[in-house]
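Labels run A, B, C and D following the written order; every chain starts at residue 1.
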């Protein structure tokens, strides 16, 4: 195993270890915050599959996140806990199904146009929930009781319990990460990389590029659905705003902030984004100015994202010529 | 006569009011290397694009083994066995030469649903890729990143990728463009080697090369076929000399 | 492993990181003699920012007037900008409840956000005082001993308006509102009173929030020719609607009515178009109570602007909590007594004194006001001591 | 719906459509020619509306305010292109999207810092404040008709600029091939700067024009942004004429949607969009 891969693996194991131990030390609030960050990390990684690995810059990814969140509430009984084994697949499936349908439309376009069309479609789905009685309209809808996993009479898992929820999120984060890593080294993953690098050539080599992109789009949508499921379970409240274009912009920002095409970067970006939001909003009422300024600075000065920062700093300290 | 593989019947392609191709017909047979000559703007690249599916024809028909494929998409044609190379190098620059070819080979055995398996784990793809690199004379460059290869080597890689898809028809768009003489010779040798097993359409500027390898030559001027026949006939043709060989010198690079 | 990094160091560093992250939240402060922690969760950015600021100002004014204290206790503020974004509401509320461990939550303007806050308040048994959001549910199905409101329910001003319009001999009415809970509940409250008094709502029209392209609806109204129109809009939408209604020439032929938000905080922008409009609300700009006058003077002195209804509601939120604190001598641990003291308090509000209903919503006079100059001037009391029916509340 | 009501609704639809076109034209221009997705376009609209408010209360005259505002927004556009966007042409579209996303937040807060968060009205100029009686109960404000007339005039002006002037020719050339035009010795950087400034100015001007009827309020830019994007998506890549057709279609869909299927009024525009994209994935028209 090459040293770099080994180093990365060790770093990941260390992070996993910290995340696993954190609830033993953290307070209820910070546990919740960290769980939220992990959910966002899953969400950002799912988008990275499109943006970073397939070259599809989707500006409507929040739609799938939101559809799954709504599915959680709509599938769950009103005053009883939903069955995890029903609710979770339903959420992921509905997100993937919507991604499939949207994909049929948007994947016929390319480049800059793709960005706009994904935005427009996400906005359309936003209005479906915003303007129809389906999910409580613009006021949103509550999940009264969180899902649970029960076999026979024994309660195995209750998502209403913060600690059980935390570890479930951690588990899903690991599952999502491993799933994406495996996917990326599979023939499909390689084909997606080829599409990112040179779509035209993939076509002339005989790849049904559209179907491959659709497969990637659906996979990313489903994974965003997993994040949406977790988000709905965490706060028990779903409103159209979770699939607004701001949300799509934020998750895109997380991917860029961390550095796209690296998976780890997406997770780092999610962490940095949420923490920055916390810090800025505690400093001033006009915190969105700071957030905006930060975005502008990152775009202008840090094209590779935060994960390129150590490399850049090293380059700066050691200088261009000498080898570190 | 050798097996007829691909036929173009009365192909036309119009851009606005201009005909890039007008009523072009030709046949490609297995084991026959068919070259297309013509000055810049004669419509040679358009012809390849029409045959490969990159452009839909305005009029006309394309038959592949007696099947009408005029409406097929480029990827479907490719999977059916029509491989093409590009005039401008069109590769995956960040991948190694081997990965370029392995990906090309993968298009024949997509296994897209096996997302749990490792792409590198398939021996058949690796074999096909290595064979293609070997054929194209790039075996030594196997693990170099494509963008770091020399121009000539990238042209070879371009061909190797097509070969890795095991096509029966090869549509080659100026494979010699920008090559040094040594590289050109290697490429000509490669073409000769490939000729017996494939139906090849070669668009090329390099006269010497064309007359050296072609079995049939079609000369195009202003989007139309001027003359078609064996090299001797073309060399002897007065029409060709007047229209092309005479006036064409000046705009040859 | 090849690097100089053994297992022991690994464990230590991990624990260190974890502990470091955990530290800011540890409750290190002593429980006795501590300050009362007040969590303000209000909009400070976006469409409702000015409302959030007015409520904050009103609240702080009440605190200042009692010597910087409430119920004799020193206080400490924790503020969160809720951005009027319901999606972030549970999280923002948790920030105050779980991170800052506030003793009381004050918020907010947006009904959707307030509903989410009410959920959090119920789950964590935190004291909540709602200084604006009118969603009927807050003191209806969602009512709880620890949830209070110092503003109004959507039902109150609209119900009063139903009676007013019936008394003014209007028989047929068209309603128009944004399609969200606040709007729908307002229309429902109006309809209840108006139809009970013999009138008829000939058409209910809704447009998606926050859409402000009213022209098609105005054309529709002109075609239907009802006796009067009842609308619910607020903020920028209210400004635009009132102006569009006037320029469409409808103002002279079909009178326009609505709950007071149609003309509160918007008169400067509406200008002449709003002149003479009749609206109902629990506040008017020229109320004659001594408290109204002293409040207006003090507020203007402190913030250099005239107070509006939102400032009043913030002011009363502080008064209500102060009354509770006074009842337990600042010991917030005595929750039951604190709630009892708040329930039984009579709030000497600039809107006129009010008490709380069993569901913790103000039992208050609703005024009929008329726009004159840049003020909503009192015409009459539209409903005396009107109490929200608190449907669905089991308390 | 009787016939006269139908005609009035048609007028409403046209008027709304034309205003939409005005706001969206700057977006599609910048998008089509420079390949920039400008999310901050709505912010420029807001900026224009607030300029109309501040400058009118400062100078007491909407016309002077508009003239000053146009100059100011052109300058802002010019400076933004020079300071930020010109450094990003070699980068991915994504970077431009994010840059403008960050700018939205900054503009919105700057607005809050300078003008505050209150709702304000802008008076309609005396000359245009009359109304025309359309039916016995309904009259139509002259200012709205004036707005439509201005929108039509601007549409014609843009056609003339792009089709008939040397600058327009260079703009069209630049949109098809930046390098090629540069090689021909045309100062493409300056052209881009001008186009961007023009885009900003168009958005701001739309905001100023709309301010008297829509009033100015926080977050008003975000509301128009998305509908502008739908206009551009339906109309086609950077096509000004597409934007015109699309804006009018949206005006019709929105107006009659509100009347005919009020419960799903918010969706009609998007259903229209999906239908158009099904028919033509890249919008009705392509290219300028």
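General remarks:
In this text, a contact is a pair of C-beta atoms (placed from the backbone, for glycine too) under 8 Å apart; a residue touches a chain by one contact, two chains touch by 3 or more.
Remember, it's a predicted structure, so these values are computed and weren't measured experimentally.
Common partners of chain B and chain C, by the touch rule above, are A. Compared with chain A, the chain whose C-alpha mean position is the greatest distance off is B. Here the chain at the heart of the shown protein, by mean C-alpha position, is A. Averaging C-alpha coordinates per chain places the centre of chain A 35 Å away from that of chain C.
Centre to centre, using the average C-alpha position, chain A and chain B are separated by 43 Å. As a whole-number value, the distance joining the C-alpha centres of chain B and chain D reads 48 Å.
Contact of a single residue of chain D with at least two other chains is seen at positions 108-109, 112, 263, 265-266. In chain C, the residues that reach two or more other chains under the touch definition are 45, 208. Chains that are in contact with each other form these pairs: A-B, A-C, A-D, C-D. Against chain D, the residues of chain A that register as touching in their complex are 51, 57, 59, 105, 108-109, 111-113, 115-117, 119-121, 123-124, 127-128, 130-132, 245, 249, 252-253, 256, 286, 288-289, 291-296, 298-300, 303. Listing the residues of chain A that touch chain B in their complex gives 182-183, 185-191, 193-194, 197-198, 200-209, 211-212, 215. Contacts from chain D toward chain A in the complex involve residues 31, 35, 37, 39, 84, 87-88, 91-95, 97-99, 101-110, 112-113, 226, 229-230, 232-233, 237, 263-267, 270, 273-274, 277-278, 281-282. Considering their complex, residues 3, 7, 10, 14, 17-18, 21-22, 24-30, 32, 36, 127, 130-131, 137-140, 142, 235-237, 239, 241-242, 244, 247, 281, 285-288 of chain A touch chain C. Of all residues in chain B, those touching chain A in their complex are 52, 54, 73-76, 78-79, 84, 86, 90-95, 99, 102-104, 106-108, 110-120, 122, 161, 165.
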